[in-house]
Amino acid sequence: MKNNLKLPLRGIIPPLVTPLLENGELDIEGLEKLVDHVISGGVHGIFILGTTGEFSGLSKNLKTELIEKTCNLVKNKVPVLVGISDCSFAESVSLAHKAANYGADAVVLVPPFYFSASQVELLAYLKKMVKQLPLPLFLYNIPVHTKVEFSPATVKAVAELPGVVGIKDSSFNLAYIKQIQYLLRGKDDFTYLVGPEQFMAEFILTGGHGGVTGGANMFPKLYVELYNAASNHEMEKIQTLQQKVMQISTLIYQVGQFNSSYLKGLKCALSVMGICNDTLTEPFEKFNPPERKKIEQALKEINYKALL
Amino acid sequence: MKNNLKLPLRGIIPPLVTPLLENGELDIEGLEKLVDHVISGGVHGIFILGTTGEFSGLSKNLKTELIEKTCNLVKNKVPVLVGISDCSFAESVSLAHKAANYGADAVVLVPPFYFSASQVELLAYLKKMVKQLPLPLFLYNIPVHTKVEFSPATVKAVAELPGVVGIKDSSFNLAYIKQIQYLLRGKDDFTYLVGPEQFMAEFILTGGHGGVTGGANMFPKLYVELYNAASNHEMEKIQTLQQKVMQISTLIYQVGQFNSSYLKGLKCALSVMGICNDTLTEPFEKFNPPERKKIEQALKEINYKALL
Amino acid sequence: MKNNLKLPLRGIIPPLVTPLLENGELDIEGLEKLVDHVISGGVHGIFILGTTGEFSGLSKNLKTELIEKTCNLVKNKVPVLVGISDCSFAESVSLAHKAANYGADAVVLVPPFYFSASQVELLAYLKKMVKQLPLPLFLYNIPVHTKVEFSPATVKAVAELPGVVGIKDSSFNLAYIKQIQYLLRGKDDFTYLVGPEQFMAEFILTGGHGGVTGGANMFPKLYVELYNAASNHEMEKIQTLQQKVMQISTLIYQVGQFNSSYLKGLKCALSVMGICNDTLTEPFEKFNPPERKKIEQALKEINYKALL
Amino acid sequence: MKNNLKLPLRGIIPPLVTPLLENGELDIEGLEKLVDHVISGGVHGIFILGTTGEFSGLSKNLKTELIEKTCNLVKNKVPVLVGISDCSFAESVSLAHKAANYGADAVVLVPPFYFSASQVELLAYLKKMVKQLPLPLFLYNIPVHTKVEFSPATVKAVAELPGVVGIKDSSFNLAYIKQIQYLLRGKDDFTYLVGPEQFMAEFILTGGHGGVTGGANMFPKLYVELYNAASNHEMEKIQTLQQKVMQISTLIYQVGQFNSSYLKGLKCALSVMGICNDTLTEPFEKFNPPERKKIEQALKEINYKALL
């Protein structure tokens, strides 16, 4: 297994949205703009095919195309992490090899999410998986979608396997990842990343390494600044920037009445900002004009141009 | 859309296990024996790529091969229903076309099971899906795995679309499907099937059409007999046969401490019976010798040869 | 422990609503009418302080008053079952003694519902509880409210204790109680009751003993007739009566958008029918005029006077 | 409504365990020692009848006695907060008046936890409740036990009512309370407290007011020190103290296999430390000797005497 990553991986690694054309194909121009936008904004890595990237809704062909195109666009300026989550073991391994071939730096995996496995079964699964992976692995914990979590004890056991380099936690339970950090104390190269942008700064302040924050698709500079402020323990600056982050999540992610409002709002904002198309994968559809109007107003209220 | 099905579809339609070799490839010999076994046992249809068929753990190539082989083996002796469930819309449609090409009779679909959709979103998704399907569609409700259900109101709305011909419910909540039957009263060609074998007879007694019973992989005759007894309102015979069914589910499906015991026990029993291999898809592994011993003993206690 | 019950207890045992005045006090006149109404309708028992009786929302004083008044009104015409569910063990035991003193026939208990206990802990709890009860005990399984269930293995273990005489299941999972019946096969005096009226008939057809059906507050005769039809295996009559039951549950229990619509609809209907007040315990409030209007229309559509 | 509290309330407010004798009565000597222990340790308030105080398992008489005794022992040295959570509105109000009569400073309330209410219903419930309370109210969010949460929008609406002074959140979701802080920005006297000790410091660092940390029953000084370090932004000291807190939660709260291990471990440790009895309310029982041995060893490993 090759490992180009400097560990622990630190900083802001946006979970890239997957720009799509109306007909469902990859929006290549949008992808170029988006990659350019976040790299110009100073992000420390890029994560494709995560939940925000709608991995579950994409066909295998489109995933492959996305991996190739993104790796080509990023050109090793920052590490590229590729989600290989799939209920089929063989499909996950196959994606991992594609990622390696196109030059990605690591892969990321949620537990199989249809028929829930026990921790004993997950551990055996991960041991088998790791042997077949050509790239370092990040575990990805997101029980709201997978039903099961990787328990702290499972993570501890898996962290001893060669090639398992970190965890991204989107459980919204900060005690979960702090428990894992405690169990793995001393293992200084293991990377801890959190998804929720609402408490990313708190996590960095006390030993976390980075944030996989959806909002960094829109405003990479803001999240990088917040990450830096937290790294430097600039408490007042954190407060100021965090207010902005809360304003964004409140105004952009909560339009409409469905859980998918996060995805819809984020893609709609990117569309309003002229970065990429807002088509979503089924079963979701982009916002209708009334909701789009709200996103436009929200962006004004946020005074978003000052954030670019 | 072509429709060869006589509606409503009635009887026992086993959710076929997917026989696999140790190396993960399709166990073709096992598949032949299994198809032969259930058809000889009098089943009224075959459902491949359901939960019991481990659809979620199989690669797309293996699914395609399974569809082809099964359709060839069944040779239109009974209808073949094919699971096309996938979080990717495009992959579901693609599988449906393969199913049609190989001669299957209908397709079966669970809701997207990673990022939960609302009922409004599910309805739009189904409307879009139905237009692209070459075969009749059965909805498949199994919230324990998908987190969301197709609500009765959604089913009612979808049932009006051309090509939507029935529902298979594995929610274990008998009131759910009875509510749907009530909402669709008068629509006599809509098919109602339940998964749980523990109350399949009760469901048939009061208006259900059939059972997609996992145990029919092992003992097709028993479940067909129970179905017939229920159809004929033979109350005492139902009681006798149901005791057998309860004995089977208690002794075969509950060995070990994990939820996967159902899959493991069923495949192990088929292996002990000499029908097919008991390899499972990841993240699950076949029973170890101590559990296999219990299944052997269970089969003796059931006096299984008398059931063949 | 005294036991006046003929076991197994069979028939329709309405979970009595608790009539309340606007000021929250017991609506004694309403209670008299309601008890009279259901006993005239032929019910085989009465269950007070269940979920439908809003046990959790009532003060201890009101519960005590209700037990006394109901026992006095029923005058041993039918058995009275009293819910003693409380997260405090001492309060449950205290209620049980009140029930015995006022002449009730049995007590009914859900698992402690705040801090969830394991099955091991529940079993120890029940063993300790049973020793202190002056009346026979029915277990009451309703995981939607209690989070935990009494597992079939726990029920099997508890059923061996003296004084544990049956189970009422409101899990909506018919396989659950059939699994328990199978585990306790041969124990012919153990009573099996289900809550959901949508499949009460099915349950009676294959070995169940009765229904604790909320609708029997409104239409005791209908549910008794359905029970009798099921007991006598009159399949066509079951179908006809079941359609009525489905119409009632669809039109009366699903008005408005909240889960409490069952309680609100049931009490509102009783109020429209002139039987008792429709005040509810906090945090619930009776229907506003627009919803009440819908219940009035529903009762007309049901042609409810023909059911009395 | 009287309000003696200086708002926002800041600091460590231990959720006091309820010391009990073997026979289930209040362990008065233990209570005296415990109150003395935490006040000597510098805590900023005391919270009785919370989840850690096993409110749900206590009889009303015992609750009343506990309120009286605790208020007498504390003698206004620190504010006393009293849990009044009960599924019965009348019982909650009654407890609140007892709390006021004995000199407590505030009351604390979870949502009704049996029959789940919607947010609309919860809001109406809280509006009605607040009018009848003689003391300021803290909302208590703990969905693992209550199933429902107070949504941020509900909290925002309720915070405008006179007498609603803060929230204690034990959801383990730090984004939840940060969302509420954002919605209530500018309302500087509203108090934000969290339960989980694993990220109490992070919460204080960015605007939280305090911790209702179970471990402060054992080691009040440690948690007060951690609170102070966080208030003063002493980042290295936080890290050192937090390691201790993680060691405590890992070694004391996770013995045995049940969720109740937190309660059992905490009370057992207090018993080993000679502070109070370790009897629990049903359905829970104190640790058996093997588990007690583990707690003894854990306390040694923690070198607990250095923390006193």
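Think of it as A, B, C and D in the order they're written, each chain with its own count starting at 1.
Just so we're on the same page, a contact is a pair of C-beta atoms (placed from the backbone, for glycine too) under 8 Å apart; a residue touches a chain by one contact, two chains touch by 3 or more.
Since the structure is predicted, the reported quantities are computational estimates derived from the model, not experimental observations.
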Common touching chains of chain C and chain B: none
Interchain contact steps from chain A to chain C (minimum; 1 if touching): 2
Chain separated most widely from chain D, comparing mean CA positions: B
Distance from chain D to chain A - Cα centre to Cα centre, in angstrom: 35
Centre distance in Å when chain B and chain D are each reduced to the mean of their C-alpha atoms: 49
Touching pairs - complete list by chain label: A-B, A-D, B-C, C-D
Parts of chain C lying in touch with chain B, wherever the complex brings them together: 172-176, 178-179, 182-183, 185, 196, 198-199, 201-203, 205-207, 233, 235, 238-239, 242-243, 246-247, 249-250
Complex interface listing, chain C residues touching chain D: 24, 51, 54, 56-60, 62, 87-91, 94, 111-118, 120-122, 124-125, 128-129, 145-147, 257-260, 263, 281-285
